[in-house]
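Listed below are the structures to be examined.
Both of the next two complexes hold chain A, though its partner changes from chain B to chain C.
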Partner chain A sequence: MPWISNIAVLVLVALGFLGWRTIRRNRLWSEALRALWRRRRISLVIIAVYVVIALLDSIAWVGGTVSGDVSDAVAAFKPRSIIDRIIAPEAFKELSYSAPFAEAGFYDDAPLNHPGAHVLGTDILGQDVLYRALKGVRVALLIGGLTSLIVIPIALAFGVAAGYFGGRIDDVVFFVMSTLASVPSLLLLIALIMVLGIGTVQVCVALGVTGWVGFCRLSRGETLKLREADYVQAARALGVSHAGIILRHILPNLAHLIVITFALQFTGLVLAETILSYLGIGLDGSWGQMIDQARDELSRDPIVWWNLAAASCALFTLVLCVNLCADAMRDILDPRTRREEQ
Partner chain B sequence: MFAYLVRRIAYGFVTVLGVLMLLFVLFFAIADPDDIARKAVGERASAEVYEQWKKNHGYDKPLIVNTDHGAAEFARYTDTLFFDHYRRMLTFDFGRSDADDSPIAGRILAGAVPSLSLTVPLFVIGLGVGVFFALLVAFFRDTYVDRSVLVLCMLAMSIASLIYIIGGQYLIGMLLRWFPISGFDPDPTVAYRFLALPVLIGVVSGFGADVRLYRTVFLEETNRDYVRTARAKGCGDIRVMTAHVLRNALIPILTNVVLAIPFLFTGALLLESFFGIPGLGSLTVEAIHGNDFSTLRTMVYIGALLFILGQILTDVSYTLADPRVRLR
Partner chain C sequence: MKLSPIGFASFCCLAVALLVPACTNNPYPNEGGETRVFYSSFAEAPRTLDPAVAYTTSAHVITANVFDTLLEYHYLKRPYELIPALAENVPEPREMADGRVSLLFRLRDGVSFQRDRAFELNGEGIDTRIVTAQDFAFQIARLADPAVNSPVFENFASITGLRAFRTLLSERRSGDTDFAALRADQQYMALGGVPGVLVNGDNELEIILDQPNPQILYWFAMPFTTPVPWEAVAYYDGNEGRDRFADHPVGTGPYALTVYDKQFRFVLERNALWYGAQSEHRDAPGAAFPALSDISDEDIASGRIEPAYAGRALPFLERIEFRRERESIPRFNKLLQGYYDDGGVIKESFDAVVENDDLSPEMAELGMRLDKVVEPGVYYIGFNMDDDVVGRAAGDRSRKLRQAMSLVVDVGQYLEIFLNGRGVPAHSPLPPGLFGYDPDYRNPYRSVDVDRARSLLAEAGYPGGIDLETNAPLKLTFDTGDTSAQGRLRYQFFVSAWRTLGIDVEIAATNYNKFQEKVRSGAYQIFFWGWIADYPDPENFLFLLESASARSATEGPNTANFMDARYDELFAAMENRANDTRRIEIIRELTGILETERPWIELFHPEAYTLRHSWLLNAKPMGLSYPVFKYRDIDPDLRAERRLAWNKPLMWPLYAFILFIVAATLPAIRTLYRERT
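What follows is the complex of A and B.
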């Protein structure tokens, strides 16, 4: 269903634009963003490149000519993304392994179809490794981003409700939280995927169910503190409704937590997917799957390293950049560290 | 103290009931027992074989209400999968594996020793190394030592555990040939050779996150008044760090240690299956590959049980580590 991902791209771009405008109008956030840009310029640019690749890979349509083997004629009826159309994997392939920039096959020395053109070599089926690594970007951002986008509003709703209203609601939310938290997350994840089945949506749901607890607890604790703050008490005394207090006084004060948790959750999810891939319940085309497939290639003689290297470098770079940004965001947004600087 | 303990254990028990509810929803309500049975006996099996299998594995009852019994009868609600699930799990009667009919309890007991012989050294050494480096870094705070270790931690945190395992196995096991690549031996005089590599890899892969966390804890403590007092009365830097800061930082570290217990479990899952250690992690991986729902269910239950137990122990040990904590 290519239209879903096309619409998702539109929605995301629109949301990004709206978010940008909101940030520009808010002094606190635009200053924070500027400080982040000053400190983590390279990381931000790299993340932006990843996002652009993922967006390009999400816009897909059927049609156009497919160059390549006759056996790939079926490909003409499948939706192909912009990345697919630029690299044209149907034609840009070899018979089996070839090293980066190689002129001939890795084991048989047979001449290649595209000598010297495979920057990261080819895998056992002759697919270009760079192409596979690029395809992995979308999967990684889908796992980390989509899951976080689903999880954070839910966790926030439960956490704020529990912290703000207390009483019976708090008891219920706290019980559900402590129950979910007492199951080791990887085991819960495995159980959920085994029961729900393997697929993008199922894996995201499973990751979401295991991931919302931490953030829910954080927002509950923070709301408990904020509820007693003077300005919240003042607002209540002036007759502001509960919804008004939550929207205008509590949520804005949780915003920095949301941003930092989003980043940390993102890296955790992307790393967790590699474990799932190893267990055979990960997503198709992910870096985890590439790493898993490359496991045995290290024991070949001479060894095939470029598959493993490409996937792990792509993964490492993304996670490192997001981690660095999260770290800087925490320093910038956390009032405690800011006070020490002054 | 006694009243607190009773209350804490009671809440732990309620949480166990909650976990069992979750397992029931997952493994009986969402995963249809009929599907599980059909997959296990195969598409072509006769109806008798299918029914017999369901009976043997305890899947042959209605979910919540058994309409075979009258509305007034108690058995209407006890002769069901829901009641059976609770009764069997709470009495540790785990039944037989869905995949190969072997008793699950026996396999778990057999897997416990290899698992513990991996995770206990991993846990102790990891904690020691993490605390040691974090103290060191806190000692040299705001110097190049501090900053370079922090950068190192950030890099180490960003590498997937799978890559640590693959890379470590290749580098140390295959290239340097220091330790055997995989395997296990119940004899402790031989086992250490097999366990050294997975323990080393486990410690390294947890290093980054641990050191960063403990460093924050230590730095928070070094800003306290009692540290200044200690310095004022002439304590040396090292004595301040070990005798004052470390002891006071024990509480947050203790909390983190319990939070790490499930991670220990999950980390062991990968390590065990990579290094061929026949523990609980390998059992879980086998259960995933063999669509063995009953074993998986039991493993989740045991994992949760251990975690809840650990939490109670931590709460109690707070009193030992910190006289300020009073249990009510």
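What follows is the complex of A and C.
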């Protein structure tokens, strides 16, 4: 269903533009963003590249000519993304393994269709590894982004409600949280996926169910603190409604937590998917699957390293950059460290 | 004695330096390899060693050497040939007046069971017993016993009254509590035994078959029909600290299982009471090494068989040790160090071991030998003929579709990529070495021809793969029970081959249980499966496509649900026919039907590569036959010498390390010494 993906891209771009304008108008956030750009220029650029790749891979349509010597007659009838159209994997393939930039195949120096053209080599079925690594970007961002979209609202709603209202609600929320936290999360994940089946949405939901507890606890604690703040007490004395207090005073004060948690959660989820793939229940086309397929390639002699290296490097770079940015954001948004800086 | 610190330190160093050379990497520290012991390994202990039930290779390696059978396969001759073992002759089927067939086995005199405590049931101090025809009848009755749950009951069902015996047994057991309390052998006796198994005195066993079934003789060469003492079954019931019979085999074979530790090791030791060790049976075909005239030139030239052994009395090995090895790489390393005598070639080091389809120079230098054997099996892609699109309902359309799909699967490339080329491309279900296999036969639909496939597809009404109803590529599903990433790559290989035609095949990978469920309910289109022969007869392969064994109708192994009246008719004519030229003609006609109908895309016959050391003698790859240890021998001196040479400990890093430690502690010791004085 390419249209869902295409609409999602449109929505994302529109939201991004709106968000950009909102931040521009807000002094606190625009300053924070400027500070982040000063400190983590390289990481931000790399993340932007990943996002652009994912967006390009998400815009897909059927039609157009399939380029080159076609060995895949079905491709023309499948929606192909911009990345697919640029690299044209239907024609850009070999018989089996070939090393990066190799002029000849891995087995018996068989002649290649595209000697020296595969920057990261080809895998056992002769697919270009760079292409597979690029395809993994979208899956990783989708897992991280979609799951965060599930996790953060749930965690925030429960956490704020528990912290703000206390009493019975707090008891119930805390009970659910403790129960979930006491089940080993990997086992719960596997069980959930076995029940829900394998698919992007299913895996995201499963990851969401197991992942919201940490942030919920954090937001509950923060709300407990904020509830007793002078301005909240004052607002309450003046008769402002609960909803008003939560929306005007509590949520904006949790905003920096949301941003930081989003970033940390994101990397955790991408890594979790890798582990799921390794257990054979991950998503098609993910880096985890590439790593899993490369499992045998490391113990063989001579070794085939490029598959594993490509997937691991792509994964590592994304996780490192997002973590570096999250770290910087925390420093920038935390009033204490900010004061020290000035 | 008062020792100064420096003196103490140097004493320690000396002690370490003296002790270390005594350490080795020998996994059998109490043995130097000088005795005639064969070392082998196992990954998982077999679930059962009960000869009526055990049906895996890992179990047969033990049971086939512990239990003798009436017949055996000739160790060297290929195609396989039956020789008498416990029987004095290979029986000629004799047609009786009423159309039934009788097989008369004359048993050898004075064969006795191995020594075992179970025989104390016959009286204090008794530890063995002479085998009688009754012991064979007992085991055949056990095959029919629903409580034993033998997987091969159906294969013996042509014995007169076996099926009725089974029903009667379970009826009496559920209806009569006194009967159910009896010992198994007493129950069988009370029912009068299996009607078609006649015991004529101690030394004659007659089997009556309802209809001719020449293949049943092969089953008498498998441990399923070994003599089993009722004492062992009764004694080893798993109660009061006694083993279960499934873990404690008691047989007549050349070896006896003396240690059975499922977590660590098994030991087979020479059975002193084996019939071959008695002077009167020394020349029996199963008790002596084949004569010089039976040893082929090829076996001698390849160094597999030592002609000097011709005619010598078996067995040669004193003992066979199996050690547990869970991982393939450590097992392979121990093989290279000389601690195992033979082993398979593992995928990880394939390129280091095999070069240009032969041993690499490094391995040849170690004196290794490489044996390649095509296994009697076939792997194939099957179509569900009950399906509306790929099956018989679509008539000629689906036939052309299957032919087209068969024409683009390049199995040579598949073997190269996934199996290091270990396999022989299949043109029909029949593997090499079987009666009716024709090495020159080329299936016209099993060599890659994309253009022909395209035109066939167009004739089938899918021009360019386009389904004219939907105006999109024809969509099919490939159902698998393997969700691993490696498995996925394999299926993707076929899928991308079909994509070149414009057919869009989706892989539906579920776990194995769900896949089996799909197979049961008939909700599958294309599947990947394999079959390994039970016995060397074409019937054992061609029955996989007979409508009587169709999965949807009878839960049989014909998962393709192929049903073809002409095929069934020819199959019935071929099934019980002796190996004559007419049978070859029928087989040709049968494979001819498969050739055009294409219920299967035959892929390959697997090939096993075995490495063996120079000191392992007379090791011919076994294929179907497992009682092989009695033929093998070891040159223990050569082995001990090679082991010593290959496992020289590398000492200098240790000495360097000790020196470093000493040098590093010297200043401290000096300070201590100075402070004291």
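As a convention for this text, the second predicted complex is superposed on the first by the 334 of 342 C-alpha atoms of A that agree within 3 Å, B and C clash if a C-alpha of one lies under 4 Å from a C-alpha of the other, contacts with A are read in each partner's own complex, and residues count from 1 in each chain.
Assume a contact is a pair of C-beta atoms (placed from the backbone, for glycine too) under 8 Å apart; a residue touches a chain by one contact, two chains touch by 3 or more.
Since the model is a prediction, treat every value here as computed from it, not as a measurement.
> Taking the superposition as given, does A:P302 touch the first partner, chain B, the second, chain C, both, or neither?
A:P302 sits against chain C, while chain B stays out of touch.
> By the touch definition at the top of the document, which applies to A:G280: first (chain B), second (chain C), both, or neither?
Touch status of A:G280: both partners.
> Is A:S5 touching anything from chain B or chain C once the two structures are fitted on A? First, second, both or neither.
neither
> When the two structures are laid over each other on chain A, which of chain B and chain C touches more residues of chain A?
B
> Once the shared chain is lined up, is A:S219 touching chain B (first), chain C (second), both, or neither of them?
neither
> Check whether A:S58 is in contact with chain B, with chain C, with both or with neither, and answer first, second, both or neither.
Touch status of A:S58: no partner.
> Classify the contacts of A:T122 with the two partner chains as first (chain B alone), second (chain C alone), both, or neither.
neither
> Which partner does A:S81 reach: the first (chain B), the second (chain C), both, or neither?
neither
> Tell me the contact category for A:L324 with respect to chain B and chain C: first, second, both or neither.
Touch partner of A:L324: chain B, not chain C.
> Quick check for you: in the superposed arrangement, does A:D292 touch first (chain B), second (chain C), both or neither?
both
> State which residues of chain A lie in both footprints, the one left by chain B and the one left by chain C.
Residues 277, 280-281, 292, 295, 299 of chain A touch both chain B and chain C.
> Which residues of chain A touch chain B in the complex?
175-176, 178-180, 182-188, 190-192, 194-196, 267, 271, 274-275, 277-281, 288, 291-292, 294-295, 298-299, 308, 312, 315-316, 319-320, 323-324, 327
> Could you list, by residue number, the parts of chain A that touch chain C in their complex?
Residues 71-75, 77-78, 95-96, 107, 124-125, 277, 280-281, 289, 292-293, 295-296, 299-302.
> What does chain B use to touch chain A in their complex?
Listed in rising order, the residues are 14-15, 18-19, 21-23, 26-27, 30-31, 154-155, 157-163, 166, 170, 174, 261-263, 265-266, 269-270, 284-285, 288-289, 291, 293, 296-297, 299-300, 303-304, 307-308, 311.
> In the complex formed with chain A, which residues of chain C make contact?
329, 347-352, 413, 416-418, 464-465, 472-473, 483-486, 488-489, 492-493, 496, 499-504
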